[in-house]
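What follows is one structure encoded as structure tokens, with my remarks underneath.
Chain lettering (A, B, C, D and E) follows the sequence in which the chains are written, and residue indices restart at 1 in each chain.
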Amino acid sequence: MNPLLFGLFAFLMLAFGVSVVVNRNPVASALSLVVSFLCLAALYVGLDAYLIASVQVVVYAGAVMVLFLFIIMLLDLKAEERRKFNKLAVGGGALVSLAFAAQVIGVLGKFPKGNQPFPTLKLPPDETLNDIQKVGESMFSQHTLPLQIVGVLILVATIGVIVISKRELK
Amino acid sequence: MTITLNYYLLVSGLLFAIGFAGVLLRRNIITIFMCLELMLNAANLSLVAFSRFNVGPDGLPNFNAQVLVFFIITVAAAEVAVGLAIIVALFRARQTTHVEDIASLKF
Amino acid sequence: MSAAATTTPVQMVNVQIDGVWMQFPKGTRVIEACKQAAKLIPHYCYHPKLTSPGNCRMCLIEMGTPKMTPDRKPVIGADGKPEIAWIPRPQISCAQDVSEGMGVRTNSPMVQECRKGVMEFLLINHPLDCPICDQAGECKLQEFSVEHGNANSRFLERKVKKPKSVELGPRVTLDAERCILCTRCIRFMQEVAKDDVLGIVDRGSFNSIACHPDRKLDHNYSLNTVDICPVGALTSTDFRFKMRVWFLKETPTIDVNCGTGSNITIGTRENRIYRITPRDNDAVNGPWLPDSHRLNFKFVADPKRLTAPEVRPQLGESKPGWQQAINLAAEALKKNSGKVAILASGRATNEELFLVSRLASALKASVVDILPRTGEADGMLIAADRNPNTTGAKLLGVATGKLAEIANGIRSGSITALLVFGEDATNAGLTADDLAELDALVAMDILPSATTDKAHVVLPSSAWCEKRGSMINLKNRIQRLNKAVIAPGSARDDWEILRDLIFAISGSNGLHSIEDVFKAMASATPTLAGLTLSRIGDLGVDLNNRELPSAGHVVPPTLPTL
Amino acid sequence: MAYVVPRPELTLKEKAYLPSIISGLKITFGHFKKMLQGKTKVTMQYPEEKWDAELPEYYRGAPTLVKDDHDRERCVACQLCEFICPPRAITITPEEIPAGERFEKVEKRPAEFKIDMIRCIYCGMCEEVCPEQAIYLRKDYAITGITRGEMVHDKKKLYELGGVFKGLVHKWNPEK
Amino acid sequence: MDFITSIPWALIAWSVAKAVFVIFLVVLPMVSYTVYAERRVSAAIQDRVGPNRTGFPTTLLGFKKDMQIILGGLGQPIADAVKFILKEDFTPGGVKKFYFWLAPCLAMLPLVSLAFVPFGSSLFGEKMVIADINVSVLGVFAVTGVGVYAIVLAGWASNSKYPFLGGIRSTSQMIAYELSMGMSIIPVLMAQGTMQMSHIVQNQADNGWTLLPLWGHGLSLQSWLLLIPFGISFIIFAISVFAETNRLPFDMPESESELVSGYHTEYSSMKFALFFLGEYTAMIVGSSLIVVFFLGGWHMPGIPDGDGNGGLAILRELPHWILGLVNITCFFGKVAALLVCFIWVRWTLPRFRFDQVMKLGWLYLFEIALANIILTAAIIAFTSK
């Protein structure tokens, strides 16, 4: 991936990620998250994962975040903006996160494989990478059982949501 | 200057740290939930990066990692649906989405 | 109520009105009795404050006396009440007193027939110029014609032409065609104004109201004839053709031209005053009002009115906002604390004077007084004291009689700052040079004067009809002023200006509305204890023999001192 | 009294909804086709074609003031129209006719008479209420202007639009 | 600085040029003339005339009459645009300003999804699609899915009851119908075996349209059996497109009579125009998708593509750029025909009630689409060797 584009999208993604955390207004948080996810999708494209990028946008930006926004608006959270941050929690949380980031950097410094440049792909001439087909093949042959389990999980989740959101639990 | 795997892992780690920080210091359930999503996506980014940098003998990326990402996204979507339903139910009962206001186990 | 009601114990008589037996004091006129029984009888010539000539015939009723047995005993009917022998012809109710066992029918077929006939006669020569008549809308002829008259005229002959637009006097115009010859105006001039200039001339169909030759209707109460004229025959030259009465918004308030405090109604439309009419209050002015007071409202709409605060250049700020002007004034006054004199006005309301006294104590003012204003009393409604609120000023300790000390103080240098409130200081023995000597001169007024010309800070305030408040008249009656129009430009209510001045000088005082000021004043002044602005009511409260608040009455808590 | 409208029993065809959609589409297409073929023609091409000649007697256009056969303003500024006007479009400033003028006997006339045509709703109540038969709704309907000020008709404009209206108002006849 | 030089500037420039060409010379005029067509067609359906006299404003230069251009009224969209730009653009007090401005910008987002749509075969050897990627179908859905933010934000940022209700309704409606839309297209993708739109169109050109399998491999039992699920897919997809574009009978978010035109109540001037244009852009995108998936894209039986393949032998002799242009014309001709159908339906049907809309989406279309996938799978499994 081009370093310029990588830098741009990585920076935007992290910046909007920070904005998710620091924004008091939940709607602003949610929209920042959407932008962050879109940048993430761009990074996926840079990694030649077109399918994952599309699914990221369709599922996260198109469905999950709309759902978030929908709920935030429905609940009408006005009190949140007036709340004061707990200074101790802020300090502690920031400290733990910084420690974690430092650790990541430290570990990565000792990870020799991490310094390899982009490996080139060997593709037949006149053909682009058909990742959909490959992912599909992998999913439906090697990972059939997990796929089934995920299917059942979604069914359970659907039923669960319907039960939870019924007004009176009987 | 070339982009190596470490760059991706670093960005992924930072994104995770940001999400983690959000979970620790925000008190609004919905924001916490969003930060969780952020963390999941950080993991996804590492996975996709690993996939791309692990080119197999056939000259193609290792798609197993991408399948895993696919599963993660699916599970995350299901989790969001259930989680938001719970939040709505909670809000109906308590009129708040603030974790500090929800201290009792049973209501 | 009849006038004799209060003195001797009155004898009550039983009267049957439209089948209902009621009791009235002896001497009550039948028309008044019916009015008290909520049976309004149409009338033109009758006026409760004038004699009854009985010439309009509109108040005809059917009347009866007790039926008598041959031995002069009343016949008692089946219901235990005396039976009534009805007189076969109608009687006028205005010239008839009630008597024992009398019966009255105010709405019988005969009465209705009579009224219809009378209306038809009255309208024979009446022109159909309601569209231009100023009385239209409050015209008794219109009203009763609708209620009792015919829809169509049967009169085919030519109407009698009489003089129109006759100048009876400087303020009254006559339209003889519209006159129904009720003679209310003649009787008013004879009996109330005691200036017998009006009369009826010519005969028959041609008789009409006229002035005595060589005389004019120029009495100072002449406009009251316009008020009592039931039709549009007499009209006010000042108000003539200016505005239709149904557009006027009526605000009940009081007159401020003299200490009497006559009750008036101000007619306004779109923030402009069109006329002032008396408002009935037997304890003050009855239904009358002198012309000089009635027409003294033109200055309110004067184009020279002060509309924005001004500051003399040496204090900076050529076009200050209110806050700046007040701050500058407060600063200038504070600098001269202890050497301040306040010239207040007897035209100010109690609330304003109360705030003036507070301001005086905040500034440690050495002299506070009002400017006395005297004229000639006319023996009727105009008092010699032309300040409407001298009593209030005395009550609140603002009128001290130390006016002369101001001029002396300035000349001797013991007074270096002067606050002039609604007056021209040059009328108080001060010269323009004296004013120029002052360190600080703050003037509040509505029109420019010699004082505002010299003042360092000019604060435009509101005229009497632009504000609310209370005043106490010479008979010790507290009455309310109401707001009829809005002050021009950015001029503000006087009490607000004073409140802000006090605020700028000595900090918050918790006064947010005129009601708050009245409350604070009432709790600081025993005479006013228990009163509020709304309890004063439209007719005022007599402070002489007022029922003091009962034991359970909660006195409003005293506000923190300023 | 409450009356419950019974819901009609739907046949399967109606429940399926699509056949009804198709029949609806057929109807609209029929209109579309006829219009294209020029078979329907109800629209009037306004500035070229006008309806002026066929305006009914009772048409209510712009309100105007009229003069009588002696060139006298009929309006006496009674302000009844100002009072009745529902959108308060009328503003009248009355004045006394000075002595010595031809119609001095009438005594009163409007010094200014303004109708704000932006406000006017052409209800005709002013015409109905006028005791002097001075205000009439005429057949002008294209009242246009570029500024708001232009849309306020003053006395001059109102008389220009209204013109002379013959017929006697009895009151001002000196013989009667 | 190798990473700057490594950027394929030429490719970017060329893509931008294509995008600009498509957006400004094709789509935007198409959008504005769709609005015009809507007005004329609706007028004709209601026995009226519609805008028929906007011409060159010669009256401004002092002439008696405006000059009519060919068919009177064709200048209407231009006049509308001028009017929208010149109108006062006010922002009501109390709105959340940033989002209030952001929303109309997002409303034009559907335009982006046109980048994935192949609108012609090839012209001068250049493929007539801006971004020919292997997941272009998913890409289109991704972009249209993000389009809902415009309405949600507009409704929320207006800080007013009715726009908010409109926004909420729209969100739920769009989520509901996006599902059935995506599900309904799966049978077509299953049969075509690709997610790349240009391939889907090429397949149809070679083997018969999805709904018209009359040549190539299309003349097989499988294709004919598959017509059943494809027909169902087509109907569901078309209905979902109506719902996604908020067109009648599904214009819940607007509902003039109940919600005072819903989410854009507080908008005026150009900001309002963007919503308006966004709706028509979405319509064009929807029609393009129907054309690509079901009606053979740019292909017309008998006409060769831009490289001179297929079609009638005589026509292959023509210069290839003419063929390329004809292909583009065919595509937009089909889209235009569908747009007229959109308009036609709008002026025929009354609006659904909101509960009916949701019921139709969740209870019928979604389930039928799911069953349809299984049916397709069964047909493919049992008929292929």
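What we mean here is this: a contact is a pair of C-beta atoms (placed from the backbone, for glycine too) under 8 Å apart; a residue touches a chain by one contact, two chains touch by 3 or more.
Quick caveat: nothing in here was measured; it's all calculated off a predicted structure.
Visitor: Between chain C and chain D, which partner chains are common?
Guide: Both chain C and chain D are touched by no common chain, going by the contact rule given at the top.
Visitor: By the touch rule set out at the top, what is the minimum number of steps from chain A to chain D?
Guide: When the steps are counted carefully, the minimum from chain A to chain D is 2.
Visitor: If you average all the Cα positions, which chain's own average lands nearest?
Guide: It is chain D that sits nearest the middle.
Visitor: Higher C-beta contact count, D-E or A-B?
Guide: Most contacts of the two pairs: A-B.
Visitor: Please indicate which chain is farthest from chain A, where distance is taken between mean Cα coordinates of the chains.
Guide: Most distant chain from chain A: C.
Visitor: Averaged over CA atoms, how far is the centre of chain A from the centre of chain B? Could you give it in whole Å?
Guide: 5
Visitor: Just the number, please: Cα centre separation of chain A and chain C in whole Å.
Guide: 81
Visitor: Centre to centre, by mean C-alpha position, how many angstrom separate chain C and chain E?
Guide: Those two chain centres are 77 Å apart.
Visitor: What is the distance, in whole Å, between the centres of chain A and chain E, each centre taken as the mean of its C-alpha atoms?
Guide: Result: the chain centres lie 29 Å from each other.
Visitor: In chain E, what residues contact two or more other chains?
Guide: Residue numbers touching two or more other chains: 3.
Visitor: Which residues belonging to chain C are in contact with no fewer than two other chains?
Guide: In chain C, no residue touches at least two other chains, as defined above.
Visitor: Identify all positions of chain D at which a residue touches two or more other chains, and write them in rising order.
Guide: Counting only residues that touch two or more other chains, chain D contributes none.
Visitor: Within their complex, state which residues of chain D touch chain E.
Guide: 21, 24-25, 27-29, 31-32, 34-36, 40, 42-43, 45
Visitor: What part of chain E is in contact with chain D in the complex they form?
Guide: Residue list for chain E touching chain D: 41, 43-49, 344-345, 347-349.
Visitor: Any idea which chain D residues touch chain C in the complex?
Guide: 76-80, 82-83, 94-96, 105-108, 131-132, 171, 175-176
Visitor: In the complex of these two chains, what residues of chain E are touching chain A?
Guide: 3-4, 6-7, 99, 133-135, 138-139, 141-146, 148-149, 152-153, 156, 164, 167-168, 171-172, 174-175, 178, 195
Visitor: Looking at the complex, which residues from chain B come into contact with chain A?
Guide: Interface residues on the chain B side: 1-11, 13-22, 24-28, 30-31, 33-35, 37-38, 41, 44-45, 48-49, 51-53, 55, 58-61, 63-64, 66-67, 69-71, 73-82, 84-89, 91-92, 96-98.
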